[in-house]
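Below are two complexes that have chain A in common, paired first with chain B and then with chain C.
Right, the complex of A and B next:
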C-alpha cells in the first residue's frame, strides 16, 4: 500500500527540514531545537476499528466537558459522592478564579488530545487526556501534505481519509465560539516555544492571525489587537498556546512576561472566547483520570466505550495496599507532572529504590497514581534500511464546537529506544502519519 | 463604628513608561458587617476604570493607560460603617486546603500539633497566636511578598503577612477553615493583614500580629487563600524604569455621619 512512499522517505524528511518542522526541547537549561524525525511507514487504522474509536472519543470528551461545566458551577458530582472533593480542591489545575464562569457556548475543552495505546488483543486504552493545550496535530498534517507531494501515486489507490482539513475544523470551532464577531488569533508565547512551528503553521492554514503577547491588550474589559500603527481591533476568540498560569500576570503568576494583563477579566465578563478555557487542568489531572469512566456514566448515562488502563489510587486504602505489595510490576506516575516526566517503572527499581518510592506513596498518597503496565503493540519503523519494531502510541484530536468531531488522523509517536515504554516527543523519539481508512 | 479613610499610592518612574495595565483591590469589602456609605477610587493619569468582583467577592478595579507617563497614582477614599466583624457566609471548602504560600512543612505541622486539641476553635486560635508571640518576632525587611509560611517560620521573623500565613497554615493543618485578609486599621500607616477562621458557625477575624481578635477598628478590603489572592495593586507596563513607591493611609473615627449622608440613609 505504501511501498512506493518508502522509496521517497529521504525526500520527505528533506522537505520537512526545509519547512522547519522542528521540535524544541529544554535540556539542562538551554533551548535546543531538533528535527522531529518522521518515519514514512504510516500507522494504518481500519475503518471498523476507527468507527468504534471515534464513538468512544466523542463520548469521553463530551463527558469531560460536562465535568468541567459542573465543577465550576454546581459540583453535583462531588455532592453525589462520585468524585472526592480532595481531587478537585488540591489539584494544581483547579482554578478558583474560574468559579461561576461559563465560557462562550459552554465549551471548556475545544481541542482535546487523547493519548491511547492499542493492546495486543486490539483493545484501545486511554493513557491520558490532554485538555489544556495538546500539541502535535500539525505534524501529521504537514507529513500528509509532503508525502502526497513526494509520492502522489501512493494515494491514488489508497482509500485514506484526508487529514488536511484539521485547520478548517479549528476555524469552524473558533467561528462558533467567537464573541461579537471579533478578530480570531492564535496566541503564541513566541519563537522559543517548543511548538512554535505548529503555532505559525496552524495560524496560516486556519487563516487566523498569529499574535504575540505584546500584540494584545485589554481596555475596558475587552481585548484588542494592536495594529502596525497602534490602531485597535477588537478580538473575539483566542486560541492560546500559553498555559493558564502564564496567561495573565494580574490574576495568575505575577512574574509572567508572556501573558496579556487583565485578559482574565475580559474572559470572566464573557467578552472573549479563550480556546481552551481556563481551569481545564482539573479534568486532565492524572488523579482525576481514574474517574473519567465514572463521569461517562454519571453525566451521559451511557456505558463507557473506551477503557482506562487499570489504575490504582493510593488515596484509597485498598488501592494503596495493592500498590505497596505490587509496586515491582506497576508503573507509577506523579500526578503533577506531564510530558513523560515523573514516570517510574517498578521493574526498573532496585530494592532500595522500591522502598523509597513506597515511602513516598505512604506519606503523599494523593500525589501518585499506579497503573498496570500494558503490553501495547509494536509498530514497524525504518531504522536505516532495516524494518524494526518499536513501541508507539496515538494522540487523537477531538474538536468541540457546534458538534464534537474527531479528526480522522492523529499523531502517532514512537520511541527509538527499543527498551523504552515512554512515548513522548519531549523525551526524543519520532512520529508517523496516521492513516484512517475510509472503507 | 464609623471610619473615614484615605489610602493613596504614588508610583514615580525614573523614565517614561507606556501601555500600562493595572488591577486594583483597594475598595472595602461589602458584607453584612461592613457598609460602604461613601466611596471613590481615582487614578492619575485618568483612564477608564472597570469594576468587578473577584471569585472571593473582593472588589476589583482594572484599567489601561496607553500613553507615556512618568507617574501613576491611585487613591481610594471613603466612609464606612463597621459592625461586629462576624460573618455567617458559607464555608468554601477551598479554605480547608493548603495554598501556594501556606503549604506547611514539618516544623509548622509539629507546632500545630503541639497546641493540643481539647478546646474550642476560638480558644485554639488564641493559643496559636500566643505561641506565635513567643516564637516569632516582628521585623520588617526580613521577608518579602513571595515568602511562604514555611520560610518565614524557619526564619523566625517577619511582618503581618507572615504572621497571617503561618497562622492559616496551622489552622488548616488541624482542620480549621482559614483565610487571609488584607485591609486597613486605625493607627496603621500602611495596609495590614490578618486572618479569618471559621468556628463551625461563623467567620471570625483574628489579628495574630497584634495578638487580638479583630474588632470594628479594622476595615476589610479583600480575602483569599493567601496574599496572592489579595494584592492591593498589580501592574505591568512597557519601558525600563526604576519605581519609587510611596504609600499613605489615614484612618480616623467619625463621631457622627456627615449631614448629607445622614439624610441619604434616612431616605433609604
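Right, the complex of A and C next:
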C-alpha cells in the first residue's frame, strides 16, 4: 500500500526541511530548533476500528465538556458523590477565578487531544486526555501534504480519508464561538515556544491572524487588535497557545510578560471566546482521568465506549494497598507532571527506588496514580534501510464547535529507543502520519 | 497622525517585521550583485584594494588585508553582524513570524537560501558558486508577488525593498536615472500615500537626488528616516 512512498522517503524529508517543519526544545537553558523525525510508514487504522474509536472519542469529549460546565457552576457530580471534592479542588488545573463563568456557546474543550494506545489484542485504551493546549496536529497535516507531493502514486486509488482539512475544522469551530463577529486570531507566545511552527502553520492554513501578545489589548472589557495607525479591530475569538497562568498578568502569574492584561475580565464578561477555555486543567488532570468513564455514565447516561487503562488511586485505601504490593509491575505517574516527565515504570526500579516510591505513595497518596502496564503494539519504523519495531501511541484530535467532530487522522508518535515505552518528542521520539481508511 | 487608510489587522510590530523583511531580502540580493562586480577585480589581482573600497562604501570595518579572505568572511562569518549569512538570518527572523502572510511556499525559499549558505560556508564555496542563493532569493520575490494577496502586506515588504535599494544605490554611486527609477517605484507603492511616510521628506529627497554631486551621507540619513514612523 505504501511501498512506493518508502522509495521517496528522502524526498519527503527534503520537503520537510524546505518547509521548516521543526519543533523547539530547551537544552541546558538554550533554545534549539530540531527536526521532528518523520517516519514514512504510516499508521493505518481500518475503517471498522475507526468507526468505534470515533464514537468513543466523541462520547468521551462530550462528557468532559459536560464535566467542565458542571464543575464551574452547579457541581452536581460532586454533590452526587461521583467525584470526590478533594480531587477537584486540589487539582493544579482548577481555577477558582473561573467559578460561575460559562464560555461562549458553553464549550470548554474546543480542541481535545486524546492519547490512546492499542494493546496486542486490538483493544484501544485511553492513556490521557489533553484539554488545555494539545499540540501536534500540524505534523500529520503537513506530512500528508508533502508525501502526496513526493509520491502521488501512493495515493492513487488509496481509500484514505484526507486529513488536510484540519485547519478548516478549527476555523469553523472558531466561527461558531466567535463573539460579535470579531477578528479571529491564534495567540502565540512567540518564536521560542516549542510548537511555534504549528502556531504559524495553523494560522496560515486556517486563514486567521497570528497574534503576538503585544498585538492585543483590552479596553472596556473588550479585546482589540492594535492597528498601525492607532486604529483597533475588535477580537471575537482567540485560539491561544499560551497556558492559563501566563494569559493575563492581572489575574494570574503577575510576572508574565507574555499575557494580555485584563484579558480575563473580557472573557469573564463573555466578550471574547477563548479556545480552549480557561480552567480546563481540572478535567485532564491525571487524577481526574480515573473518573472519566464515570462521567460518561453520569452526564450522558451511556456506557463508556472507550476504556481507560486500569488505574488505581492510592487515595483510596484499597487501591493504595494494591499499588504498594504490586508497584514492581505498575506504571506510576506524578499527577502534577506532563511531557513524559514523572512517568515511572516499576519494572525499571531497583529495590531501593521501589521502597522510596512506596514511601512517597504512603505519604502523598493524592500526588500519584498507578496503572497496569499496557503492552501496546509496536509499529514498523524505518531505521536507515531496515525495518524495526517500536512502541507507538496515537493522539486523536476532537474538535467541538457546533458539533463534536473527530479528525480522521491523528498524530502517531513512536519511540526510537527499542527498550522504551515513552514516545514524547521531548524525549527524542518521532512521528508518523495516521491513515484512517475510508472503507 | 490621522488614519487615512484602515490597514485592517496589521499591528505596528508586524509592519516593522514586514518592512525589515523587505530590506534584508533586498540587501542580500543587491549586495551579492555588487560584490560580484568587485570580486571580478580580485580575480586578476588578489592584492587589489577593491575590497577596501567596498567596505568603505558599505560603511563596514575592513579588518583583513587579503581580498579573498575578506570575501570569505563577509559571506560566511556568523560572528560579523554585517555578513551575508547574518543578513539571511535577519530575513529568516522576520519571515518566520510572518508565515500566515507570506505562506509556506514563499518561506521555503528562505529556508533553502539559509541552509545552502550554511553548507557553502562549511565547504568554503566561492562567490560564483553561490549563485544559487541569488536564484532562490529571486524566487522568493516572485512568491511574494504571487502568493501574498493582502496588498497592504505586500506593499510594506515592497517599500522595505525599495528603501534598501535606494540606500545601496546611493552608497555605491549609481547613476541618477537608476536612483530616480527606484524613487518613482517607491512612490507608486500604494500603502504609502499619505501619512505612512513624511511627504515633505520625500519631496526633499527627490530634489536632493536631482542635484548633481549630492552628499551621500546626508541623503542616506534622509532615506533611512523616511519610515521611522
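Methods note: the second predicted complex is superposed on the first by the 439 of 439 C-alpha atoms of A that agree within 3 Å, B and C clash if a C-alpha of one lies under 4 Å from a C-alpha of the other, contacts with A are read in each partner's own complex, and residues count from 1 in each chain.
Please note the rule applied: contacts are C-beta pairs under 8 Å (C-beta built on N, C-alpha and C of every residue); 3 or more make two chains touch, one makes a residue touch a chain.
Because the structure is a prediction, the values reported are computed rather than measured.
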Chain A as common anchor, with chain B and chain C clashing or fitting: fit
Touching partner for A:417 - first (chain B), second (chain C), both, neither: neither
Touched partner set for A:191, first chain B, second chain C, both or neither: second
Which superposed partner A:180 touches (first chain B, second chain C, both, neither): neither
Which superposed partner A:120 touches (first chain B, second chain C, both, neither): neither
Touched partner set for A:204, first chain B, second chain C, both or neither: second
Apex chain A: angle to the C-alpha centres of chain B and chain C, given in degrees as a multiple of 10: 90
Touched partner set for A:20, first chain B, second chain C, both or neither: second
Touched partner set for A:90, first chain B, second chain C, both or neither: first
Chain B versus chain C - smallest C-alpha distance in the overlay, whole Å: 13
Contact residues common to both interfaces of chain A (with chain B and with chain C): 214
Touching residues (chain side chain B, partner chain A) in the complex: 19, 21-23, 48, 50, 52, 54-56, 60, 62-64, 66, 92-94, 96-98, 225, 228, 231, 234-236, 238
Contact set on chain C toward chain A in their complex: 1-15, 93, 96-97, 99-100, 103-104, 107-108, 111-112, 115, 195
Chain B-touching residues of chain A, taken from the complex the two chains share: 85, 89-90, 96-100, 214, 217-221, 249-251, 254, 261-262, 265, 268-269
Of all residues in chain A, those that touch chain C in their complex: 17-20, 183, 190-191, 196, 200-201, 203-204, 207-212, 214-215, 225-231, 233
